[in-house]
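The chains carry the letters A, B and C, assigned in the order they are written, with residues numbered from 1 in each.
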């Protein structure tokens, strides 16, 4: 499969180049616009498609097994916290889906651990991680298993 | 320097007719280059085929008044302010360069055709516009060339790497830079340097306008067409198969889209 | 050759890889090491890197202890059962007792978790899975890592670990190159947490053209999780335990939500429930393991493979019933859109609407990783309170090299941790790494300039090979003096496919085939000295190939060593076509000598720390 870039929409901003996990979106030397240089390493992850501010990138299913004439397009709207999809079958059937992508303003409720309360003395020697045991929402402390229950070999 | 019409000074040595012929030749090169490119690439065929296909998935038919309104809005907003580039430095640089070049070219034509005769006084406004246009082109263009080109910004190529895609912007910068240098040295009477930069100016223009077939020059015609088609598709619901905008409030701010595409 | 700049960075905690495990490690490290220098180095861009790039539709590892849904020992029983007994129960228990706090944090950070309308709890897909709208899962956890780290380096591929030159068997950092600037980067660090990718593309995929890209596990997971520690001489475990997945055809789209939430089921081309047909045959192979509930993943694969070989295919999933319900239909499609968009593309291209058509299933080519229904990876120490003496040597998730830690797909033996468990394992490794530093175990590390210079020459050699080699030929891709990364990769994939149990042989192998495979891999290793790269992107592909090749050697050695068929449905030893608990109810551990390149393997006992029948009362 693979991504491809619409000539009329790409203006060479570089967001796709910057985000592609496979490092296959690059800038064409003749027209200074994006192009997929290695379609056989494209996972169809849609990271570039979502990142493009002009919706200039689209996907054509892998030539090995995907007949032509289909379309799966997306609109990721960070400010609204939504992702919208439009699927179009080869036979023209369309399906639309909208889902949330966040429930909170981006990053606002992610703590900067340098600024939270320091762990108590000696806590480094415990088995507890940050937020624990409270963050587990259970009564009592972290579960454990008594060492004398350890059995070697085939047990059951 | 800024208030002197360099063409009228030049007209003392070279006949105004020759200068005017050169300008007309450059215009002809644009037209020929663009037409040959359109014929070879069949881009018009593609464009209209695509528009026909898109019409099939339109929700509704647009009336003439609606179409006109969309086109006007596109011209005033998308095209005139290069909206496609979003908020940021690239747009500012492009707008600077775009209007700078427009002013530069318009002033060139006006001065060459109206104010190169003997004893004709050029109103200072036109040389001012010419020089300011050239300076704007240089500011926007060099800013783009040195810092904002995506292959430099996002791909970490060195600023001095030249690729085929640079033909247009480099030729344009060469015209503006050598034009300014010519005007400067001519007005300060350094005749040797003046002629040098005049020749370079002439050459740059030939490269710029002669290279239309190979460069991104003609994109200044295609892009507005594409913008109009895009906005018409948005209006009639075909939207290039994209889903519609979500019906939800903008309440979460920006996430990974808040940063520049330069993470390396 | 062009001169490449070298950048030096000294730090306390170096996290290699910014995926789920890497972001977990980077995030947690700051809490315990307030004044420490914490660096994360990522091959791509941390916002979308790793296996969770496109998102996930479910978190497959959540206990729900707060609601008495599962306890950590339940997870251990489940993972142990699914892996036919072969897991590190201490690591599994440890991960399971912490994973809930990880998931609760994700909820607080803004990850949309579906809720059960009646109970208000996270909506269960199955016993272990909860459903999420996880398209932005990766950007959210990446943000957490960014807030903790001193610096996140993107587009740098770590190619080698550095070793301390004053003390035997102690890590000193890592080196790599930036694929944008081309610069060389040396990270001298007191501890290194390897949280890199497992291995896709070491076996020949079913699609070999463009479709090669549609692997089940990300194509950019090139086995650095294994190659980095293997090359440094760390011990590895269970590398023979490759995983094969039964997924939707071509797109390899996920089936979990379908089976568990939509309650769909499979049938062969004649509309029969074929799994029952193979019960007796499977019982011959594995004994009473076939009677366990739930049926282990590999055994379900086994029935599928046998049925297909016997001519009962193509096998379909019956969706037409479930898809009549509009809610389930939405779940069915969104399941792909938030996790494997490619499957939606495949169905759209072939006019497959599950409301009217029952889609086809297939078994994939094998993958090697450590966080799914499989647990290949590095041999690590467990936590002090849970690990038997053979499994503990000072610091949780530390490999057999001092100061070298692992998390996520890197760690062997801790199966079924998935995304949340990998993030959790990262947190565990980070805390242990900080403790290691505080215990003054990282004093006096010395990494000489020479060690770095030697690595630098090695790292850039493929560029040299290409440039020099170009002088010999007029052009094109065929050279007698160098091979391109894709040429090397296709050769590696064929070797593994034909000799080490790929789809070519329906996952069958034997001692003779493995021997031949090792021979061919040895020649490939020699030829990889001559891989050529024309630019930094290709250089990255060249190093991905080298890591894959080393991983493959380890996988083949392990497959050779375990003389039984422990996981039919993942692979078969034709010369030992039976599960052999008498001789092989144990883990396999290997070590490659960095100087000679020779592998040595041993058996290691499996400790069962959790009883089978005893169930702890819900708290």
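Note that in this section contacts are C-beta pairs under 8 Å (C-beta built on N, C-alpha and C of every residue); 3 or more make two chains touch, one makes a residue touch a chain.
Just so we're clear, the structure is a prediction, and the values are computed from it rather than from any experiment.
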(request) Select, from A-C and A-B, the pair of chains that is joined by more C-beta pairs in contact. (result) A-C
(message) Based on mean C-alpha positions, which chain is nearest the centroid of every protein C-alpha shown?
(response) A
(request) Starting from the mean Cα coordinates of chain B and chain C, work out the distance between those two points in Å. (result) 50
(request) Would you kindly tell me how far, in whole Å, the mean C-alpha position of chain C lies from that of chain A? (result) 17
(request) Please report how many Å separate the Cα centroid of chain A from that of chain B, as a whole number. (result) 37
(request) Going through chain B residue by residue, note those that touch at least 2 other chains and give them in order. (result) 155, 255-256, 263
(request) Going through chain C residue by residue, note those that touch at least 2 other chains and give them in order. (result) 45, 47-48, 136, 139, 143, 155, 179
(message) Residues touching two or more other chains, restricted to chain A: which are they?
(response) 18-19, 26, 71, 74, 85, 88, 102, 104-108
(request) Under the touch definition given earlier, write down the residues of chain C that touch chain A in their complex. (result) 27-28, 30-32, 34, 44-45, 47-50, 53-54, 65-66, 71-73, 85, 93-94, 97-98, 100-101, 104-105, 108-112, 133, 135-136, 139-140, 143-144, 147-148, 155, 179, 207-215, 218-220, 250, 330, 333-334, 337-338, 341-342, 344-351, 353, 383-386, 388, 424, 427-428, 431, 434-435, 438, 537, 540, 581, 585-586, 605-612, 619
(message) With touch defined as at the start, can you tell me which chain A residues reach chain B in the complex?
(response) 8-9, 11-15, 17-19, 26-32, 51, 53-55, 71, 73-75, 77-82, 84-86, 88, 96, 98, 102, 104-108
(request) Write out the stretch or stretches of chain C touching chain B in their complex. (result) 45-48, 136, 139, 142-143, 154-156, 178-182
(request) Would you tell me which residues of chain A are touching chain C in their complex? (result) 1-2, 18-24, 26, 37, 39-47, 59, 61-72, 74, 76, 83, 85, 87-91, 93, 95, 97, 99-114, 116, 118-119, 124-125, 127, 129-132, 135-140, 142-145, 147, 149-156
(request) Would you tell me which residues of chain B are touching chain C in their complex? (result) 155-156, 255-256, 263-264
